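Supplied in structure tokens, the structure appears directly below.
Note that the chains are named A, B and C in the order they appear, and that numbering of residues resets to 1 at the start of each chain.
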Amino acid sequence: MLLITLKIAFTGSSLARFCSIALLAVVILALAGPTLIAWDPEEVDWQALETAPSLSHWFGTDLIGRDLFVRTLIGARVSLSIAIVATLVSVVIGIPWGALAGYLGGRADQIMMRIVDTLYALPFVLVVILLVVVFGRNPYLLFVGLGAIFWLDLARIVRGQTLRVREALFIDSARILGLPTWLIVLRHVIPNVIGPALVYATLTVPGVILAESFISFLGLGVQEPDTSWGVLIADGTQSMQSSPWTLVFPALFLALTVWCCNMLGDRFRDEMERATSRTHREVSAS
Amino acid sequence: MARYLAARLGYSLITFWVIVTLVFFLMRLAPGGPFDGERRLPPEVEANLNAAYNLDKPLAQQYVDYLSMLLSGDLGPSFRQKDFTVNELVVSGLPVSLTIGGLALLFAVLAGVSAGLTAGLRPGSRADIVVMGVTNIGIAMPTIIVAPLAILLFSVTLNWLPAGGIGSWRHYVLPPLALCLPFAAAIARLTRGSVAETLSEPHVRTARSKGLPMHRIVRRHILPIALLPVLSYLGPAAAALLTGSVVVEQVFDLPGIGRYFVQGALNRDYTLVMGVVVVYAGMILLFNLLVDSTYARLDPRIRLSG
Amino acid sequence: MKTCLAGLLILAGPYFAGPYLSAQTLHIGNAGEPETLDPHRYNLRLEETILTDLFMGLTTFNATGETVPGSAASWDVSDDGLTWTFQLREGLQWSDGRPLTAYDFVFAFRRLLDPDTAASLAYFMYMLENAEAVNAGRLPTSALGVQATNARELVLKLGKPYPYLPERLLYPTGHPVPRHVIEKVGDNWIKPEHWVSNGAYALADWQPQSHVRLIRNELFHAPAAIETVVYHPLANEQSAYNRFRTGEVHAVGNFPAGELDWIKANMGDRLRLSPLLSIVYLVFNTTTAPFSDVGVRQALAMMIDRRVLTDQVQRSGNQPNPSFVPEIVDQYQPVALPNGTMSQAERIAKALQLLAAAGFDEANPLNLTLRYVSGTEAKRSSLAIAAFWKRIGVETQLHQSELKVHFADLRQNDFQVAQAGWFGENNAEHYLGLLVSDTGNVNYGRYHNAAYDDLMARARREADLATRNAILREAERLVLPEYPVIPLYRVMIRRLVDPRLQGWHENPRDVHPARFLNWR
């Protein structure tokens, strides 16, 4: 798993290398950038209200004179952490669900996967919007709400992987030893499927970033003075004619991140498929 | 087959009920009642309003009342759009949403399948690289960026198409285009993958060695198999399209039900929000049933035991 | 297969006959979607705009927004200011040709105050005799102080003097409604197919979130020039601006403030700026510490630089308004702000001193939450205010919420400091009344000051306008240095209007009845 990651990142095509480096750069900037820049994300520069990029403000300033560069990086921090936490939430729900369904098989499997199929088809972002309206805007809600949407993919993948290891010798022996089901799933099934599952989990990161930006665009996302890429883009579209830089920079960052994640995700998937023999093509209805 | 569909229908109905219940109680938890305005409301008047909208009864009673109303096809009066019932609003907004969503789905399938086919038939070619590059950008550009930019370019600057609202066919060009981009890209990628895979399958190789013309191989042997993943993507895509249409309707001032949903959620218009969710959920479940039954008919490999 | 699925979806969507784009039709961008067009159930300013075209009350607006006789040709007031006798205009009729009489007005006022109507603005007419008791269901509607002497004479009896009655009658709460239709079709009278009204226009068609189309009422005593008027709900500034620039609408009520300079330079002939009768202010919750402390309130108030706020941050033409009554209210002398002449450094020193007296310093900074309604302009000004307060070490948390939630919480007294606004009338009492302790929940901060209450009560018993205003002014001078509120600015209405449109006059009420408009 880690080997594949490293292999793609450093020996893969130049495109994959570019994407890895770009993502790494975004993450490092998000983590370290705000402390290195002279401007505080909430500091108002009364001399430079809504000004174009310059030497002192590399990305210009926003409507009330805050440095857009540092705010874009803070936005990166928020968007990325929402994406990562939501992904973790999806891992916590999706992996046990898929592993249990795959391990149990039969009726239980059918019911569990049917639930996944049905939930999959619902406009859950609308439900997240309702949650936000009802419980007020806080990032934790977004984490959980978005994670609760994105676990579905993962459950499917993990179930497929589990089906392959279910009949393995060591699981049979665990069963013969009389271990309880939950312990078998926890000790023997999950460790054997977690590799590919985590790779697929990283693919949900761009999905969450987009979903967050969508909710922020409707004005239901993160609260000022905190910010996220979605909030910055929403503000930017409100002033894109008079001050295009307020839209361009956050949009570039978001698009670049999502694009790189997708490219790398594709490579991951290809490598994984090559690595694991193609025993079957699962049809979701089975 | 019939048993399979009946079971599917059963699951759909249960899901439907769960959604209705969930949303009903969620809306009631929201802070701020539907009649809070900027100006003051005397208590007597508020009591009258609550009585008129059945809000003075216990919550359980309201829930039962709502369900029985729903069964008779009545979505109730709108709390905020006082001159309309929710049924009237849905009848007025749904055609707009369906037109935008349907056109976007059509554009996405047409553009996605053609691009995916072009790329998949010649993997590694220049066409393939271009298509995949473009689709990757398409996926990375969310509607919230594309739609305002499209308005700025095609409406405000070039003045080719209107910036919003409904009216002539010209109003139905930009919104579906802005909406369909990520889906077209996703379909292109799916098609490319499965076309490339199908090419290497024995029956296709046999057909090629027999010297059949390529367009016939594509039509007879490749597309029917290669489109299966696309077909099963259409269900979730329809759900995602409706979600996306909320943004598009907002940006383009379209009087669709997605816009009602956002307005309703912000204004605590309980019945309207419920109505929109009920209609959305119903439509999506129906669409999935349709996709499933088509899938079952097309794919001989499917086991219809469920 | 796939086309067949998509085809199904499209077949389900019929195409629409959209707004006619004939030269005669006037397309106006309204601030949002009306919730109702029933004049007695309305609640929003944007509904007032449309209702003013559809109905005409006893008084009405002229082209410049002044109060002039409407359905009434003239009126007399008794010496005690309690009995108002209105003579209706001759030959009044409804849009279906039925004569309109004083009895229709009696029906309308009774309907407004009938508790079954559940009119949220019924209290607009509480000055009528017994109105409050009728609205609460304690008296029958027939007890209301409204009588018709004959078909053309209407008598309004008041419970206490109310010199602003002609102005109050402008509101849709004073509009007549067609009794003959309501008695036949009930609540459906509001549908276009049953529509009957007495204004210059009648309702032709209403597609929610898309448009409200009005058609000229040929039976109006002075028929309008433009035949069809379409109101589009354009709540979003950016899309209102876009659609004005593409020529889809001829007048819009707002646009992104950042565009102001570009518009001035490139389409100055379309820009219309006019001050609105309004006050935007910060309100303190005076029931909780530390905002119950006048010193703390004063320190925070002193740090607000209204000029910087309006001219540098907002840049949308809003005017600083240091007193609570908008400075453009007629016949009212604005009250000057205490400490108006200090320098910036003196202010900071004084404010720090006041905070220290309340126990706040660098080690123990004042932490507060400032609430505002979500929206670009409120957000900008809140951020700027937080920056002002940071100068004296105050840490400000910002909390935005939707209009509904914001004011619901304010009325429930659930806030520390909040932005609020009060709009509309050309009289000082409308604004100062907010701070009277028995005003109820719109006195958001639950401010209580017995001396102020006494002055306000004295003013309200006074029928003579000049004396009344003098007492009101005394009350404002008493209350401002107590800082229950920090008045900030008056709103500047920024409109874009097609230069081909004639008869569009800026006015402080920002009303532009369509019947006075015409194409050049």
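Just so it is clear, a contact is a pair of C-beta atoms (placed from the backbone, for glycine too) under 8 Å apart; a residue touches a chain by one contact, two chains touch by 3 or more.
Please read these numbers as outputs of a predicted model, since none were measured by experiment.
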TODO: Based on C-beta pairs in contact, work out which chain pair has the most and send it over.
DONE: B-C
- [ ] Look at all chain centres (mean of CA atoms) and spot the one farthest from the centre of chain B.
- [x] C
Task: Separation of mean Cα positions, chain C and chain B [Å, integer] - done: 38
Open item on the list: I'd like to verify one number: the distance from the centre of chain A to the centre of chain C, where each centre is the average of its C-alpha atoms, in whole angstrom.
Closed with: 45
Task: Inter-centroid spacing, chain B versus chain A (mean Cα positions, whole Å) - done: 22
Task: Per-residue overlap in chain B, given as positions that touch at least 2 other chains - done: 31, 148, 152, 156, 250, 266
Task: Where chain A touches two or more other chains at once, by residue number - done: 136, 237, 241
TODO: Any chance you could list the residues of chain C touching two or more other chains?
DONE: 238
Task: Touching residues on chain B, where the partner in the complex is chain A - done: 11-12, 15, 19, 22-23, 26-27, 29-31, 136-137, 139-145, 148-149, 152, 156, 232, 235-236, 238-240, 242-244, 246-247, 250, 261-262, 265-266, 273, 277, 280-281, 284-285, 287-288, 292, 295-296, 299, 301-303, 306
Open item on the list: Show me the residue ranges of chain C that touch chain B in the complex, using the header's touch definition.
Closed with: 1-3, 5-10, 12-16, 18-19, 21, 33, 35-38, 41, 43-44, 115-116, 118-123, 135-137, 190-191, 206-211, 232-234, 236, 238-239, 242-243, 245-248, 402-405, 407-409, 411, 440-442
- [ ] Write out the stretch or stretches of chain C touching chain A in their complex.
- [x] 237-238, 241, 256, 258-259, 261-262, 308, 312-313, 315, 374, 376, 379-380, 382-384, 386-387, 398-401
TODO: Going by the contact rule at the top, pick out the chain A residues touching chain B in the complex.
DONE: 110, 114, 118-123, 125-127, 129-131, 133-136, 206, 210, 213-214, 217-218, 230, 233-234, 237, 240-241, 247, 251, 254-256, 258-259, 262-263, 283-286
- [ ] Mind listing the chain A positions that touch chain C in their complex?
- [x] 42, 44, 46, 49-50, 63-64, 66, 136, 219, 223-225, 235, 237-239, 241-243
